[in-house]
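In the two complexes below, chain A is the common chain; its partner is chain B in one and chain C in the other.
Then we have the complex of A and B:
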């Protein structure tokens, strides 16, 4: 049971981390809490669903291969939507007080959410999302682990490692880090600010998109307001870990997931208290260690 | 000064007297009205419109029968699923002196708001669709209900799975809404009464999607059955994750999950063997039901009668029956309805001390090959398949 609950926590942690990484990237590069970030996950799930419907004529019983290909298209498309959002709604506010940009992201998030609710057929209702992974179970000694759990754990954490490599090992990653550290100095070194920020939005949004699609594939259901829930958890994870710190987002996600799983597993009546305990942890961090576990920057701007 | 005051009062008295004349039952009563309240607009309109048609059908048949020495009229009022609108509609109904009784409501919050009005004006109301157990527990003699509550339904279901299917060790998961907690209490109470052991009780929030932690804990208790008190989405996710974690227990729930969406979300493979119970009987299976379907069809209503149409039809029938016994008098109707013995579509309706129907006709279902199948027709009942 302990091994399995640990797996449950790791899975939940991977989902949170994919969203939290985006929050931390945006905060690092733009000093911005992007409240529209959760909607990228939701948009990805619904874009994928629409693509399944358009290209295959149905959303169930379709070959996994084409689902994967179309999901990839959806993820890239949402990365593009992220870039577009920045270009249209945020770029012109870059010099304005930080609060304005923050409000703009809240507005963008409402627009996306309500657009899906109104434009997608029966958009207020939960939509069935096909499973992207084969059914079945791997037996590891006494434990049976379903394929999809393993696959999601694998895909999730692999992408996070890849994002880490991208940021820390590539030239573009170096530009992102440079802008995050000191925007003026980066400009003086000849870094194209607009392009770097656009790249960051593409990266962050497509990671959030992956979270949305994995979420849909795992639970089998997506809803127009799923982005909001993911955003709250992802943002909280980023705050606990330390906004602006890449590893902080990972650690924060794992801490939140562990707290939630532990609450349900160990406390009597814990399943209705999971959000209570996890947000108590968030509040605790905000009060006693506002910089988070690994964070060094101040979060006063939020 | 005195003269003028006298004149004014004289005129006032005259006006009042004139105004009162048509209202006083000087001659024989010509029109008696029965009010209908329900959601005719908004998201629940399909429920309300079907019930309204059934109500209308009952009144048309009563007028055609020639058994009433006066014409009966329906006063149809929209409650829009909103307590304030419902209250205004109720006030409109009770302030019409021709209205002798009412039937109403699909939404419990609306019913809570209007029963106060009907109680205050001593006007009987029969609830056809709102199923919160407390509606009939205010101690109002005017309020009765023909639809079985979630509690009654759950109790019948618990008897089935514990006594008849001999599943003794149960884990309970419920959502934290009123619906979830009422059904939890009804299940736990009844199941224990039939000798079941309740191993765990867990509440979940509506909107939660990840139940793996709570299910992992439940699996270690090794229950024979898992009862879920809640509605479609959480129920389907719970069932799917239960199968994913290979918990070899039966899954039983109430009408809250009875929907094709449950099978779609959980997937047919995972939903296989899910047990559920639903109030009502498929009407085409019983003669009274077939007659209702036929008469409803012949009347040519545009909307289908819906899940609660038959209840609204019976509620109206009870009012008409009482009306024939005691005549158009609100106070007498209150008692007559309380003590009625009425042959309705689903069986004989009588009311208990609270005014709640004693008739709890339910149908048992099991998911077989991706379809909700009546238990008696299923391969599970014949022993060809096992639910665990």
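Then we have the complex of A and C:
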């Protein structure tokens, strides 16, 4: 029971973290809260479904290998959509107050959501998403753990570690961190601001896309309006952990996932209450740690 | 000159309002677009014609305030007569009034104090449900429960503000988002308030036994059933706008602006920052609660889906696109962003999609809002003779720090 719930929390945490990392990255480079980010997960799931349909003629009973390949294509495509979003809807608002960019991302998210609802066949209805992993259970001592739980956990956290390596160990990652730290100084060091921001959007959006695909594979169902709640959860996780901090986003995601798993497991009628308790916890955290768990203690100069 | 000034003001108002009504009454979309173009050109031309030295008609409107306000009131009162043939658009205007009422309240927080409340729909829901339950369950008169709804929303606003005042920026926004979602989910999960299907048969406002939802006829004039609600929302709006303008011009408004410009400097000056924020929360949500309650009694039916995160975002976009911290701009934003989606009715399914596109495009075309924030000016003599030099404008932040 405890092991099972811990795995559940880690799994949920991985999905939130994949989204929250994007929020923290965008906030780092642009001071932006990107409400269109949740739609990347939704778009990835629906792009993958369309690709399955186009390439294989069906969305069920297909070989796992081709599902993986097509999902990867969908993830990269959504990364491209993220870059395009920034280029078209946000770049010209960079100098304006941050609230305008936030509203623009809400507009973009409405557009994506409605476009999928209208253009995907029967888009208003929930769509069945194929399982990307073989059925069956692994026996770890006395516990039976389904393959897909294990696989999703593995893929999710592996990608998060990879993203961490990328940001902290590569040259491009260093550029992203430099822009996040001080935009003008980065410019003076010869860093191409537009390209770095585009890279950040590709990275963040494709991680969000992974979350969407894993979400679909785990629950077996995707909806056109799945993005909004995911965005708010990812944003909450990033703020609770400390907006702008990579590890903060991970910690925040785990906290949120733990609270939700606990609510569902421990309270009667918990599955209806899970969002209420998680948002109450968010409020509580923000009141006592307004800068987040790992957020920088900002000393303000007058 | 003194004779023509009021004439010019009235002409400006007649042109703008007349073209708006023409725009509303045109059912064919291409024609509406044409009217919109003509309307914008005419409005720009008319405001040029009435413009003072600074290129805006504000100075002229301020010196002849009586004419400006009086003319506007008479014209607005006449609108139901002009829209007799299409009660639908009169109802859209009532809805625009409700949104304007909410936006004026939200503006106190978002525009004046830079407290970006992204859960405002939750507060309006408190007002709507409180008033609906009091009048429906306990038989209280809607005229009374309306105000109780506003007070309830304000009480919740202050209660949320107590912890939220410790946070700022995105943390504050997230606290309000979380609150809005908690309210929405609670309404859905509480069977006592109707659950997801909401509350119906909410009693209407009535005067001497006549419901405001029934058709009005005064002498030979037959007005559509929406006219009563229209006049009532105008009255509430007049009240809200007057209080908002007075607040803006007095010390609280100045303190909120100071908070927006530099919270630390404000604190250093000895201003009780938390108290100022709580006032902004309480007053803003009071208007929001009244608007919600008015909506409940006017439409007669409310459901959790009337108070979602998307509604909160739409209200914020009305404030920002209209012109943050400019009451006239906020009113314009609310009216424009209510009417435009209704004009897209012809596209049915594509309405929300187009709304998203319009939002993004407008943010790009007019990031400062339709009517940008006016720089505060302080004149030693309120009414100068015409032609006298205006004193140099003083920026709000400079005044606040001094």
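Here is the rule we use: the second predicted complex is superposed on the first by the 294 of 302 C-alpha atoms of A that agree within 3 Å, B and C clash if a C-alpha of one lies under 4 Å from a C-alpha of the other, contacts with A are read in each partner's own complex, and residues count from 1 in each chain.
Here is the rule we go by: contacts are C-beta pairs under 8 Å (C-beta built on N, C-alpha and C of every residue); 3 or more make two chains touch, one makes a residue touch a chain.
Just so you know, these numbers come straight off a predicted model, no measurement behind them.
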item	value
Overlay on chain A: chain C relative to chain B, clash or fit	fit
Partner chain in contact with A:220 - chain B first, chain C second, else both or neither	first
Which superposed partner A:84 touches (first chain B, second chain C, both, neither)	neither
Partner chain(s) touched by A:137 [first = chain B, second = chain C, both, neither]	first
Inter-chain angle, chain B to chain C through the CA centre of chain A, in degrees rounded to a multiple of 10	70
Chain B versus chain C as contact partner of A:158, first or second or both or neither	neither
Contact breadth on chain A, by residue count: chain C or chain B	C
Partner chain(s) touched by A:275 [first = chain B, second = chain C, both, neither]	both
CA minimum distance (chain B, chain C), superposed complexes, angstrom	6
On chain A, positions contacted by chain B and by chain C	272, 275
For the chain A and chain C complex, residues of the former touching the latter	27, 33, 89, 92-93, 96, 99-100, 103-104, 106-111, 114-115, 118, 228, 232, 235-236, 239, 243, 272-273, 275-276, 279-280, 282-283, 286-287, 290-291, 300, 302
Interfacial residue positions of chain C with respect to chain A in the complex	110, 116, 163-164, 166-168, 170-171, 173-175, 177-179, 181-182, 185-186, 189, 264-265, 268, 309-310, 313, 316-317, 320, 349-350, 352-353, 355-357, 359-360, 363-364, 367
Complex contacts: residues of chain A adjacent to chain B	1, 4-5, 8-9, 11-12, 126, 128, 131, 135, 137, 144, 146, 148-149, 215, 219-221, 229, 260-261, 264-265, 269-272, 274-275
Chain B residues within the chain A interface of the complex	173, 176, 201-205, 207-214, 216-217, 219-220, 233, 236-237, 240, 244-246, 261, 264-267, 269
